[in-house]
Amino acid sequence: MGVLGASGYAGRELCALVQRHPRYELAFATANGRRGETTELPGGGSVTFIAPDDVPLAAAALVFSALPHGASAEWVQRVRDAGARAVDLSADLRIGNTDADIVYGLTEARRDEVKGAELVANPGCYPTSILMGLLPLLEEGRVAAGATISVSAASGVTGAGLTPRADLLYGEVTESFRAYGIGNTHRHLNEMRAFVAEEGVDADLIFTPHLLPTARGILATMTVPLMAPLENPLELWQRRFSNERFIEIVKTPPETRHVAHRNVVRITAHVLEHMRHPTLLVLSAIDNLMKGAAGQAMQNANLMLGLDEALGLPA
Amino acid sequence: MGVLGASGYAGRELCALVQRHPRYELAFATANGRRGETTELPGGGSVTFIAPDDVPLAAAALVFSALPHGASAEWVQRVRDAGARAVDLSADLRIGNTDADIVYGLTEARRDEVKGAELVANPGCYPTSILMGLLPLLEEGRVAAGATISVSAASGVTGAGLTPRADLLYGEVTESFRAYGIGNTHRHLNEMRAFVAEEGVDADLIFTPHLLPTARGILATMTVPLMAPLENPLELWQRRFSNERFIEIVKTPPETRHVAHRNVVRITAHVLEHMRHPTLLVLSAIDNLMKGAAGQAMQNANLMLGLDEALGLPA
Amino acid sequence: MGVLGASGYAGRELCALVQRHPRYELAFATANGRRGETTELPGGGSVTFIAPDDVPLAAAALVFSALPHGASAEWVQRVRDAGARAVDLSADLRIGNTDADIVYGLTEARRDEVKGAELVANPGCYPTSILMGLLPLLEEGRVAAGATISVSAASGVTGAGLTPRADLLYGEVTESFRAYGIGNTHRHLNEMRAFVAEEGVDADLIFTPHLLPTARGILATMTVPLMAPLENPLELWQRRFSNERFIEIVKTPPETRHVAHRNVVRITAHVLEHMRHPTLLVLSAIDNLMKGAAGQAMQNANLMLGLDEALGLPA
Amino acid sequence: MGVLGASGYAGRELCALVQRHPRYELAFATANGRRGETTELPGGGSVTFIAPDDVPLAAAALVFSALPHGASAEWVQRVRDAGARAVDLSADLRIGNTDADIVYGLTEARRDEVKGAELVANPGCYPTSILMGLLPLLEEGRVAAGATISVSAASGVTGAGLTPRADLLYGEVTESFRAYGIGNTHRHLNEMRAFVAEEGVDADLIFTPHLLPTARGILATMTVPLMAPLENPLELWQRRFSNERFIEIVKTPPETRHVAHRNVVRITAHVLEHMRHPTLLVLSAIDNLMKGAAGQAMQNANLMLGLDEALGLPA
């Protein structure tokens, strides 16, 4: 396996997953600005970066691209031209962002398409958390027609990457909390709207992301107006995900620390009291770097290569 | 001035405010379980607790009660019987929680009633943040009839008090984020619903509180369906609060660290794009212990005693 | 395997290690005050506690005791009487704290004694970090005679346990740093002094522990006056630990996050400039719950039962 | 007053102090790379930066330079040439770093020299914490001749400034602790050694700084071999600092949160048990941006201009 753009948070997590994988080996890890440097990986290993131009793309059966949005699509094309499969972690090839018909790797929702695919666009971290939380409601047509799904979500700082920024220094983030990308303008909205439409649901989406004073973790807090009351909402999720190894349905509000370093989505749902229209509260938590990026990418890679999707993944 | 229940977070903050106030002196500070103990106050001072039974209630012109919900009302009655004015920081006497007609001390909304009052029920921390953010919309009747105002709010840990609890230990809170009191069941909902009704607004309210890995600060993220589009929403707040010294209208999302240790509410409002119905995003940040508790209590006390409301308060 | 006192931080970590171990199963986990409760474990599993009196002690080949100091020794005796092996994580049976001749499970220093032992006293978290850092200097007699080894160490909050304490609430620990147990009076000093004496070294020890605003991790910062200058100090550690899988000798200062959730000690050593007497700086980092408690206990258990010491341990 | 280099942490703190000062006004605040930008200040105010070349240096009676080491000395000279007094917060003009005879503004130790001075070199943050803690021992000649004073100190992240660095991002600092500048090589050592020598004390100094996962605060943990035993060590500090308003002698270990945002040094001292030579533990805590930078600079400025040194300072 190869990793392009390996020096960022998702890239390093991918390298660590490949190194610990029982069936894969890390053929190369590129980082243009840090060629020759050796970096410590989460969990104790290390990796030495090479320049992308020196990469034997054909040496890997599958290449992960954790390159920045905008720069990734071109490299993914090179990977494909060299005959290797690719999982693109950037937004470049995701639904809502491209007209091309590329498999959208929200694994539990699109597993059949991912199996054996040669190219998969890995979902964004927020969309993974949000869409997995909403999935049973979308698939079963439970959302009130023309309704507004309101999502307030919060992410740890690693979601913003490792590139130095003054506003992400420890002293600027600790003991604070703030929204960003407000006004329903976040890049991830296209992706989520496109998926909701693909599921045939006619609803507006409000999405307000926030910056948490944590390293990892996303929690999505969602209110969903329903067509009709649901007495035992959890059953809907339990039924839909009964065979899933990476989805955890819980009765109490999920905590981001309980999904940290794990490739899972943890979901709960609750009827909202004192409302004139039936409305559900859905809470969904993931590790933005695992199920929200590298973990789901590996889950997809396993399926693309015909292996058990759970191989090498911490659940 | 006296402080009942002075050993908790709000009580200690009150003691510190009284000690630094240019016109008040601290006559007594009670803490039943810690009588005789001396504790450091925020900002460097200290206070020695006495038992509530030893308190010369009549020695103070005004007494703050920071006693627990349930226990406070009775002591506030004793204070009133002794002839002193009282500000009750508990929920006991707030609108929505009692049938008695007691001034609700959301200062900027009820200033005329607070002036000269002998008894004021100090608002909860979440309601202060949320209702101050919504105030111009409520007062001007801008909310769509029968609509749902959706509030996702997050508070630092001091909001839960100083009583030892395993789930609030540092090791259980750091690097995590979770909702609590879910399903629209939080104690503060009655208070907020009663206020919204008092303003003559017919709307449902969804309120989902979260626990932040910070000591202080509340951020309320609110989406409000409007009767009609608002082109320049900030003007509404700027106009309503133009003479207010403790309300800051800002153009970018407020950060809780910028209101820490200050008696202010910082608010922004933004039109949500891509919606079929006109909807506003309102963000409102406070320090839960200052404008959300001790600071607003002092602001009210100043008004009750005929002084400039800003005396002794950090803005 | 059984775990006594399983509801604390070390106990839960032990349960998680046993559950993921390729050769062991968890026969029982006791917690007197929480019998019947089910708790989530680090990494995603869960465990249900039973009362210690209901425990079939003989059902386990080996029992870990994570009971509090003072209460542990008696239960360890019951375990031994029932015919099971035991690893005691409390201080009760450690060198310096008892006259009995019980194997001290500082694994890399006492491996031959641990192998096949029926009872092992697991070292304290601070002593593990400090003594492993000093080991080559002690064993080779490099410390100047009559000198003072000065240790300033800092630990994350989980080192103080899960019992609710107001001074360990999130709001009291975040954004702060302080020493505790000062004046060379900490309980762990006996243990360290006894080990240093056992190694035949004549030196005074200064030990000042500090509370870090982190959940996990210990860093020990040690200055050691030497008999004679050492030009290439790292070689000493590299040589001594060349075959060790859980000791990492590094060239730059170890960070506690790099040893988190791992059963390793990470050490560096550096010559101090501008000194009239040759003096070394030694830095040693561990995860207080892994190599400092549950991990080392499992490493010892593996050796006691004749298995590869690394089985089931995250390195 | 003017502030050069106002966009960093110390510069912004200086601007805030000047704005709240009862006797000063802020004439200008420069930031070369951010000219024209308006920034929020701690406590709620704001400032707009101008370019240093546009500065009317003569318009201020006194100018603070918070410019980087190396760049500051030249600007301080321009300030002096323009006829204004100057406080230099950089290391450029401090003892140990220059041969020029410039007043070293460790206020409580050099007050008589600071009074009326036209140029003062403001001490470093670590030296302020450490030298103030050691002062009574140094002045009274209590340190054992030829002894080694061992200092392990830890600082919050703002000590490293606001310039973006990947290793200071929130995600890289939270939940970790590490030493840096090891081997007795930190820039502040010259300054401390020069001061110790000026006091006529013959001792070696070991200084190991650490990076704390906090925004603010320095704690210095010091062990000092004594000439002779001291039975009641606190008395030494209480006597020396009996008239000081910014020095707090305490009986329990100082916490950095208790000195945050305050211009104080909080000190305790304790006899170390179990030692063959009499040795003291001294703990000293400051806010690195207040008493360790802007606060002490303002204290010095007040003295230089003949005012009460406490004016405008939070104690």
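Each chain carries a letter (A, B, C and D) given by its place in the written order, and its residues are counted from 1.
We adopt the following convention: contacts are C-beta pairs under 8 Å (C-beta built on N, C-alpha and C of every residue); 3 or more make two chains touch, one makes a residue touch a chain.
None of these values were measured; they are calculated from a predicted model.
Between chain B and chain D, the least number of touching-chain steps is 1. Among the other chains, the CA centroid farthest from that of chain D is the one of A.
Averaging C-alpha coordinates per chain places the centre of chain A 37 Å away from that of chain C. If each chain is reduced to the centroid of its CA atoms, chain B and chain C end up 45 Å from each other. For chain C, residues that reach two or more other chains under the stated contact definition are 156, 174-175, 213-216, 258. On the chain A side of its complex with chain C, the touching residues are 40, 43-44, 174-175, 248, 258, 261-262, 264, 314-315. By the touch rule above, chain B contacts chain A in their complex via residues 146, 148, 150, 152, 154, 156, 174-180, 182-185, 189, 193, 204-206, 208, 210, 212-217, 219, 221, 223, 225, 253-258, 260, 270-277, 279, 281, 283, 285. Residues 9, 156-158, 162-166, 168-175, 213-216 of chain D are the ones that touch chain A when the two sit in their complex.
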